[in-house]
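Look at the two complexes coming up: chain A is in both, with chain B in one and chain C in the other.
Now for the complex of A and B:
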């Protein structure tokens, strides 16, 4: 049984179709890369999945529950975590508060499982080697550190499905490695990850499957190696080769 | 001595209402201009009930209920409107309520206000009244510090900084917004239970829109969202407001001078703290 099931998902904004009949089944524990040219609808798909946009047509089921009409906060509470392209940390809050606010937003039964929230905060910061910065404001961190904090915060809050929107954008190569390791940790823990990325070697390293979006529909999908060597991918990114 | 007690009383009376407003406007960054409307609605509901029943306890509960109802309505608006629209609508609500009070003379006595508001037994003398006001203010400060350091303070800050990011964590915007407005309403009720008793009169002039400038000034100058800063600001600005009376000016000029002076401080404070008051919301 799929963890996430998307059926005939369409979205039209201002008369313009943005997503067109997307069908996708995501199994528990899968890491799926979502790629495609700019404007193909990747982030919009994530916005629909995390509840910031309502689809015009279609259904989304998460753990067999229809969540098509659920608000973003409800989706987070049933286990969907989102990491934003533009750094989702609260810059005016300390690192400690950034983690604490995520834990406090959890349903009561999940908070009880975590036990002492202060210890959970400390272990989260330790996981990404930021424990020495606990009392500092998040705006003092580098882009990569903000990204690590954001992923770790989502991880500790017990989410089952992670929607990561370009987690390596604007991040140094060293940090990219750390982020990849953290995503692999998610995978080992049996979490399910959907990740938007432009860095194909990164996608190849961590993903089980890749879907390619083009003008709001799935143009191609398969194993990372197969997709990478598929001529259609080049065509989508660079247009048809006139010599062919 | 009595004048000092008067200033202390005024400080004590201002603290619950303004600190409650600080939670909404300062911490939550809601462009809410209705705290005086809440005070007006609560005071008239309370003291009209008192006039009819003669029972302070039931009058207090009616005032509290009125305050919480209007606060819930403002919270409902805050959840549905963009910031600027909320600002305009709360101003409109205030002016509409003030107009009702001024024109429904058979009930409210209009511009004459409600005279002879009795003090609660045991609070007749100025030293006792001042002491009670200060104790209540201290308790309220303690409560507000706890609120700001609690999940509510953090979730309000998160929503103020980026609504989408906060909601993606599971923060329930409706619960947080309603809680903040209800606490603000409770603060307004506390202040407005005591203030008309102190001056012995409930007068619509004390609920004019210009009084909001003092609220905003205290929050902005003290640091939006900071309990300590806003308390210091209330102490200094209330004292200053009283000291302006001693300027060698004709009586008719003191009021406008005070408004001009506070307006000037507000302009400077808003300019200095513009990034704290109007933070940039990042898109998803």
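Now for the complex of A and C:
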């Protein structure tokens, strides 16, 4: 059985269809790249999956549970984690507090498994080499460090499905490498990742499968190499070649 | 010295109101226009429990706060909850409706005459060349303790961290599993309780006229606009600063004559206008939202 099952998912906003009948099965441990031109519905799909938008039609099952009508906070509690394009860190809180607040929001049984929360906070910051900044406010970090903090915070809070929205946007090449390594660590730990990204070499390096959205539909999907060399991809991004 | 003491007394009252308003704006992103009426509910029900039911003062205060909390909760469920997620300006209109309903009920139940909560004999104590009553000292100390407790909860506790996280990035907080709807209810009721205490404060220190709800609300708004909508520290500081300006405006001669005390509240409105002109984000406000 798939970890995440999306069936006939549609969303209409202000009379405009944004998502049109998306069907997608995601297996546990898969890393899937979600690409497509601007306005193709990538972030909207993530907003529907994380519970910030309600679909007009269709069903979403996670671990065989129908979560179509669930609130965002409930989805977080059953194991869905989101990393935001505009940095989801709490900038006026310290790094320690950023991780601690995530752990404190966990259901009680998960908190008990973690034991000493302060130790869990320290090991999380150590994972992304930010332990020396523990007492600093998050707004003192670079964009790449904020992204690492956000992913690590999601990881330690026991999420199983990660929705990463452009994790390399506004990040230096060196930090992009560190983010790729962290995502590969997630994969090794058996986590499932959906990742919106424009950087195709990055997608090729870390993803098992790529889906291409266009005007709210899955226009193309397959292995990263196959999709990259598919003529339809170029057509979607740059339009049809008039000489063809 | 007397002006300073008066400013401390009036500022503590405004700080109680404005800190609740700041908290609600920070967490829910909305303004509650019924704050002054909720202060009256706290003060007048406490007066009723003391004067009519002859309850001991601490019990009456607890009763007044409980009634204010329930009224605020009712206000949230019927005048805020159905609207605030659709558009953040809708509660501005709906809470005005709530305030008008409360105004009407207050007039019907308590009539127009000013009410003072009876706390027994007032002992006046000299401070340099000024006088302060023992009740006023207790009220100022209690206000400072309340505000210190509020700050401690925000900075040191898990609940406070959740509030600050929600203020700074509401969607990220929710995607970590923080239940925003429960948090919003609690914060809104806490702001009502702070307003209720402010009403009791005025009822003990001076008197409560059942028609001053809107004027009370304006005092809190002056503090939050001057201090910065996103800065609770700035809001509290400006509550005291505006109270000081009010006292200076009527307590000192200006160009040889005194300004009539009826113009005291105008100072708050002038502060709002001036700050909006010079620094629209407030004296301590920033472009990012923080608790």
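Keep in mind that, in the parts below, the second predicted complex is superposed on the first by the 244 of 244 C-alpha atoms of A that agree within 3 Å, B and C clash if a C-alpha of one lies under 4 Å from a C-alpha of the other, contacts with A are read in each partner's own complex, and residues count from 1 in each chain.
Operating definition for what follows: contacts are C-beta pairs under 8 Å (C-beta built on N, C-alpha and C of every residue); 3 or more make two chains touch, one makes a residue touch a chain.
This one's a predicted model, so the numbers in the text were calculated from it and none came from an experiment.
On the superposed chain A, the two partners chain B and chain C do not both fit; they clash.
Of the two partner chains placed by superposition, chain B and chain C are both touched by A:90. In the overlay built on the shared chain, the residue A:13 is in contact with neither chain B nor chain C.
Once chain A of one complex is fitted onto chain A of the other, the partner contacts of A:157 extend to both chain B and chain C.
By the touch criterion defined above, A:100 lies against chain B and chain C together after alignment on the C-alpha atoms of chain A.
In the overlay built on the shared chain, the residue A:52 is in contact with chain B and with chain C. In the superposed model, A:77 makes contact with both chain B and chain C. The intersection of chain A residues touching chain B with those touching chain C, taken from the two complexes, comprises 50-52, 71-73, 76-77, 81-82, 84, 88-93, 97, 100-102, 104-107, 153, 157.
Interface residues of chain A, counted against chain C in their complex, comprise 50-52, 71-73, 75-77, 80-82, 84, 88-93, 97, 100-102, 104-107, 139, 150, 153, 157. Chain C contributes residues 158, 161-162, 164-165, 168-169, 171-181, 288, 290-291 to its touches with chain A in the complex. Against chain A, the residues of chain B that register as touching in their complex are 151, 154-155, 157-158, 161-162, 164-173, 279, 282-284.
Put simply, chain A touches chain B in their complex at residues 43, 47, 50-52, 71-74, 76-77, 81-82, 84, 86, 88-93, 97, 100-102, 104-107, 153, 157.
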